[in-house]
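For reference, chains read A, B, C, D, E and F in written order, and residue numbers begin at 1 within each chain.
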Amino acid sequence: MTRLIKIVIPVATSIWNEKVKEFCEKIREPDTSISVVNLEKGPESIESYYDEAFASPYVALEAIKAEKEGYNAVIVYCFGNPGVNAARAAVKIPVFGAGEVGITFANLLGNRFSIISTLEVAVPRCLRTVKLLDMESKLASIRTVNMPVLELESKDKLLKAALDAGQLAIEDGADVIVLGCTCMTGIRNHLEEKLGIPVIDPGEATLKFAEVAVSLNLKHSKRYFRHNFKKKTIL
Amino acid sequence: MTRLIKIVIPVATSIWNEKVKEFCEKIREPDTSISVVNLEKGPESIESYYDEAFASPYVALEAIKAEKEGYNAVIVYCFGNPGVNAARAAVKIPVFGAGEVGITFANLLGNRFSIISTLEVAVPRCLRTVKLLDMESKLASIRTVNMPVLELESKDKLLKAALDAGQLAIEDGADVIVLGCTCMTGIRNHLEEKLGIPVIDPGEATLKFAEVAVSLNLKHSKRYFRHNFKKKTIL
Amino acid sequence: MTRLIKIVIPVATSIWNEKVKEFCEKIREPDTSISVVNLEKGPESIESYYDEAFASPYVALEAIKAEKEGYNAVIVYCFGNPGVNAARAAVKIPVFGAGEVGITFANLLGNRFSIISTLEVAVPRCLRTVKLLDMESKLASIRTVNMPVLELESKDKLLKAALDAGQLAIEDGADVIVLGCTCMTGIRNHLEEKLGIPVIDPGEATLKFAEVAVSLNLKHSKRYFRHNFKKKTIL
Amino acid sequence: MTRLIKIVIPVATSIWNEKVKEFCEKIREPDTSISVVNLEKGPESIESYYDEAFASPYVALEAIKAEKEGYNAVIVYCFGNPGVNAARAAVKIPVFGAGEVGITFANLLGNRFSIISTLEVAVPRCLRTVKLLDMESKLASIRTVNMPVLELESKDKLLKAALDAGQLAIEDGADVIVLGCTCMTGIRNHLEEKLGIPVIDPGEATLKFAEVAVSLNLKHSKRYFRHNFKKKTIL
Amino acid sequence: MTRLIKIVIPVATSIWNEKVKEFCEKIREPDTSISVVNLEKGPESIESYYDEAFASPYVALEAIKAEKEGYNAVIVYCFGNPGVNAARAAVKIPVFGAGEVGITFANLLGNRFSIISTLEVAVPRCLRTVKLLDMESKLASIRTVNMPVLELESKDKLLKAALDAGQLAIEDGADVIVLGCTCMTGIRNHLEEKLGIPVIDPGEATLKFAEVAVSLNLKHSKRYFRHNFKKKTIL
Amino acid sequence: MTRLIKIVIPVATSIWNEKVKEFCEKIREPDTSISVVNLEKGPESIESYYDEAFASPYVALEAIKAEKEGYNAVIVYCFGNPGVNAARAAVKIPVFGAGEVGITFANLLGNRFSIISTLEVAVPRCLRTVKLLDMESKLASIRTVNMPVLELESKDKLLKAALDAGQLAIEDGADVIVLGCTCMTGIRNHLEEKLGIPVIDPGEATLKFAEVAVSLNLKHSKRYFRHNFKKKTIL
């Protein structure tokens, strides 16, 4: 059986698609087939509650489309998980947000984790994700690299800032680091080596978890996530 | 000073506007002026995460419009608080969701509260609101009238179902009831009399709280709720 | 309808009465009438559990008297809320403590709040209030101005100390400040301007909330707050 | 060294003194000397927040007197712990409330406990004690015998009602029972035998704990419990 | 790269080995190689804290052996996770307990989960696992099939009992089920179909998660899990 | 009645026996008789999860032996409480771990406590004990003296390091200190004097608590702690 997984980058720009595709191709299992899309409409990046609101409906629509196209799972490739619950309410195939999966993994690798986020403006939504997963007492801290998403491509600067943030996190008591943005790709190994503690890349964690879910036929609960499509929605 | 308050009913139908306006006119302070609008686009009612996602961006846009029009505060007249955080990130005037305010009031009237919600499908989002307010250990239970929003106009049926739900809530340990839908208007007094414990109508609570916020010039924290409007959003 | 609200300053000195009256007159709604009294017996100020114990019975007696006199609500004008629960057990009209209301408001304006208290000795009781409201995970910190209540009249010193405390609170992660004493009147606007985050004055918040409660006929739960007056109490 | 322990029954009646004295004499260590007093003023029994408020100042005064008389510890012999914190703020000798100690013992004997309380009216204050000790997630339930304190002398009726309550508690998941009133003396053994799980009598637990505290010279923290006696209190 | 995974069944009997091997062979990825062993010494099954204590050191020794043999990961194939932390302290390759992984998966599929355990005697340790993962507020209930581990082979009886337990769990509010014993293999699909909510088999979840960990080179934190092997241990 | 208490030092060395015996003889009640034993096998000291696993079965066996010998209670004389739950499952006489008792006492003496532990490696297990007692929100911090157990005999060095740790703990908000190792004997008084807050020695606390338990015939719950001895265990 081939696993068909659709990766939705929940922003209205295609600048990340190729890079994400390339990154995910390297780590997928042999019988997994992935495709990567971005949103037609919505924000340029996900940093605020406002961004989240404008991405969410389009994420849900992409999930509906993916289900119709025969995909086995959908990944919302963003630490902020925009539209994940809406998508789950709309489809039967599993939908995973990178933030939820990345943070959840931390519980199985250590005792307390810190998130390395982008900007102060993104911190409140990180806190909300942690709270909704009931993992607040496992959170050591949230530290930032103080770089907006659209500057994260500058790898040297990112690496240096992430290292500083990681060292502060260790002082805060963290024994695991979760990268707080799916665009912080490619720095995990270097960080792990320098910091001496595990570092979780939420994007790669989520791809592998989605593969597991498809293999085991795990789906989210339709008792919890549901929607009555007889009701009208004006788009 | 006149307080100008815009009430946004976050659904793409005008069927509730007049009733809400009439209800709110009765309880406003003399120097408060209110207007009631619904969304141009979005869902017919807010019952699922999917509904929430499709209402939220339009709520944010209404808040931006209200701020430009000179309103002093915005009310998102729905227990599900769709788009409240997005709106807060977008504007400086205070924005209040009826669910958040209604539940918060319970903390000042008793020890444990129950929510009387509409349908099972709405319960998860109620739980999320309670969790995000950190009031889970004050929640006795969520009970439902098992009626969709669009049937709540049938007052006799609603009253009977709410009474049954309220009696179960008291058995669950509740000493305060919060009505879990802003469309359950007009049953509070009857319920209080029959159940013998306080009943909070989230709509009226929120209007009065918004008046307080305007009087005292209370605004939400722009350290927490913010957005960078230099970034592009494609609508 | 005129709202009749009695403000009880729970200390055995009248030095604050006039100032509180003046302050509250400015912010009340037109159809609210307020009177301000202090206790005949009890402590000079509320800073310790000992002070609280000696104020509480007299607060309850004042509430009973207020109910007989026809007041619609009672405010215990102190961040420490002495005797509030005892008063609620004794009367049917609503009774609100300034600490409980002030802290509760924070939940609707931001994510995490700090309290600016008077002295270290007052901190434990602040923590208890926060815990009893189940808001511990919203508390960023408690900072003090290191001034006893009876010196708070020295406004310049207070303002400077509060500003310092507020800046530490922001470093602690606060996005909302709650003033931890009803005698810190008159510094809110200045603090808000300098700190850039909302500041809640518990006294003014409570007066406005009491007005709301009277308007909406909200009362505390007699299932939770009750007393059997057939039993004898020796005064 | 003889341990001198003063037991304060925090009610304005002497009807319990002899019985408590007799009960405590049987379980004290040989070199412990106890005396039992009641309050001069205050409530007849402690069942509500109102009762608590009227007992607390007199408890504090008794503790001050006990310290002057040379006692090594004070016990507030009531599950409701009235005035315990006020007394601790006033004196240096240790002060223990029977509710706090009884509940704390449960943590060392099993996983989840239930309290068997007197009347519904007493339940809120039990909950508050549990919350302030941070033991809410260990609480299986609070069940009542539905008898006011002043009727608890009717041992047969009490025993039967406590047995029923205990069986419900076991269904609620309790593996330890805490008797919720120091007047439920003399039923522990019978209950343990019938229910098959440990039953804690808060009065006896507290006497023994006070002996331990005196032996080990354990005192409460004056960093947390303090009062400035230079301030005036009008009695 | 081939993933080499050692599955340790932490009991001193080989009766489960073949069945577990057969089950795991079906769900592993093509390039995963597994071996299954039981303990030389220890308990017959893991149901109590006593069983856990007698299994744990032998689990740690098996992990040390596996690391020396070149395995990439160790699975402790038991819902009770005996010796998992001890093993993690002893080796650098990742070690996963089936209970921890099974419960963690629930957080990504729904809102509240119930565990279907074997006997009442096993419940306390289930609760402890949930608490240590900080997932108590996500736990709807623990229900039992009332069958000891060694009788679970009777599939018809197990299936019927698990169905009953599952229906009670749904009444308790669960929207996801976690099977509370790795010997409940082979009933997941049937239960899912009948109950209509996701059912997690902890054994299969853990195998797949271990594969992910090896693929991504995820290891547990040596800042948290460590041991000084210079110290002597007498076996 | 003489209380017979067996103190098990859960390490495979007798170097501590005499010192512990001498220390405990000084503080026992006159009619208490104690004996002190160490383990035949197991670790040299308890610092990691690995040590804990290798001590636990031998602790359980010592408890079984003690019960047969007629002891009334068993003390596991180690802050790490190894094997305490296993022992409780195996016997009917009460078993107390020094860590559990020492931490529990803190709840009755102040508001927030800090633990002074030995090495960083021991911190995770301290945190686990606090979490399992549900006292996380009472924990101010864990500070270490940075000395392995086997060096704690160097009293001057220990005292200085503990004083430094205690001062940091006070800055962390602690108003009570719990010594995090039963080998930190003999420094309590000095620390209390210098730090000005109560210091709990877990060893002495546990001995006194065990005496109380025997006096009052308090035993742990066999509903919670049980084991089926019909099952075979291979040692």
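The definition used in the following text is that a contact is a pair of C-beta atoms (placed from the backbone, for glycine too) under 8 Å apart; a residue touches a chain by one contact, two chains touch by 3 or more.
Just so it is clear, the structure is predicted and the values come from calculations on it, not from any experiment.
Engineer: Can you tell me the least number of steps between chain C and chain E, where a step is a move to a chain it touches?
Structural biologist: Counted as steps through touching chains, the separation is 2.
Engineer: Hey, what chains does chain D share as contacts with chain F?
Structural biologist: Neighbours common to chain D and chain F are C, E.
Engineer: Overlay chain A and chain F by their C-alpha atoms and let me know the rotation angle in degrees, rounded to the nearest 5.
Structural biologist: Nearest-5 rotation angle for the superposition: 120 degrees.
Engineer: Farthest chain from chain E, going by the mean of C-alpha atoms per chain?
Structural biologist: With centres defined by C-alpha atoms, farthest from chain E sits C.
Engineer: How many angstrom between the C-alpha centroids of chain C and chain A?
Structural biologist: Between these chains, centre-to-centre, one finds 44 Å.
Engineer: Starting from the mean Cα coordinates of chain B and chain F, work out the distance between those two points in Å.
Structural biologist: Roughly 52 Å separates the two chain centres.
Engineer: Give, as an integer number of Å, the spacing between the C-alpha centres of chain D and chain C.
Structural biologist: 30
Engineer: Could you tell me which residues belong to chain E and also touch two or more other chains?
Structural biologist: Within chain E, the residues that touch at least two other chains are 111, 124, 131, 136-137, 224-225.
Engineer: Could you run through all the chain pairs that touch each other?
Structural biologist: Inter-chain contacts occur between A-B, A-C, A-E, A-F, B-C, B-D, B-E, C-D, C-F, D-E, D-F, E-F.
Engineer: Mind listing the chain A positions that touch chain C in their complex?
Structural biologist: Within the complex, chain A touches chain C at residues 124, 127, 131, 136.
Engineer: Under the stated contact criterion, what part of chain F meets chain C in this complex?
Structural biologist: 111, 137
Engineer: Within their complex, state which residues of chain C touch chain D.
Structural biologist: 12, 40-45, 47-54, 56-57, 59-60, 83, 85-86, 88-90, 121, 124, 128, 131-132, 148, 224-228, 231-235
Engineer: Across the complex, what residues on chain F touch chain D?
Structural biologist: My answer: residues 27, 29-31, 94, 96, 100-101, 104-105, 107-112, 133-138, 170, 175-176, 196-198, 200-201, 204-205, 208-209, 211-212, 215-216, 218-225.
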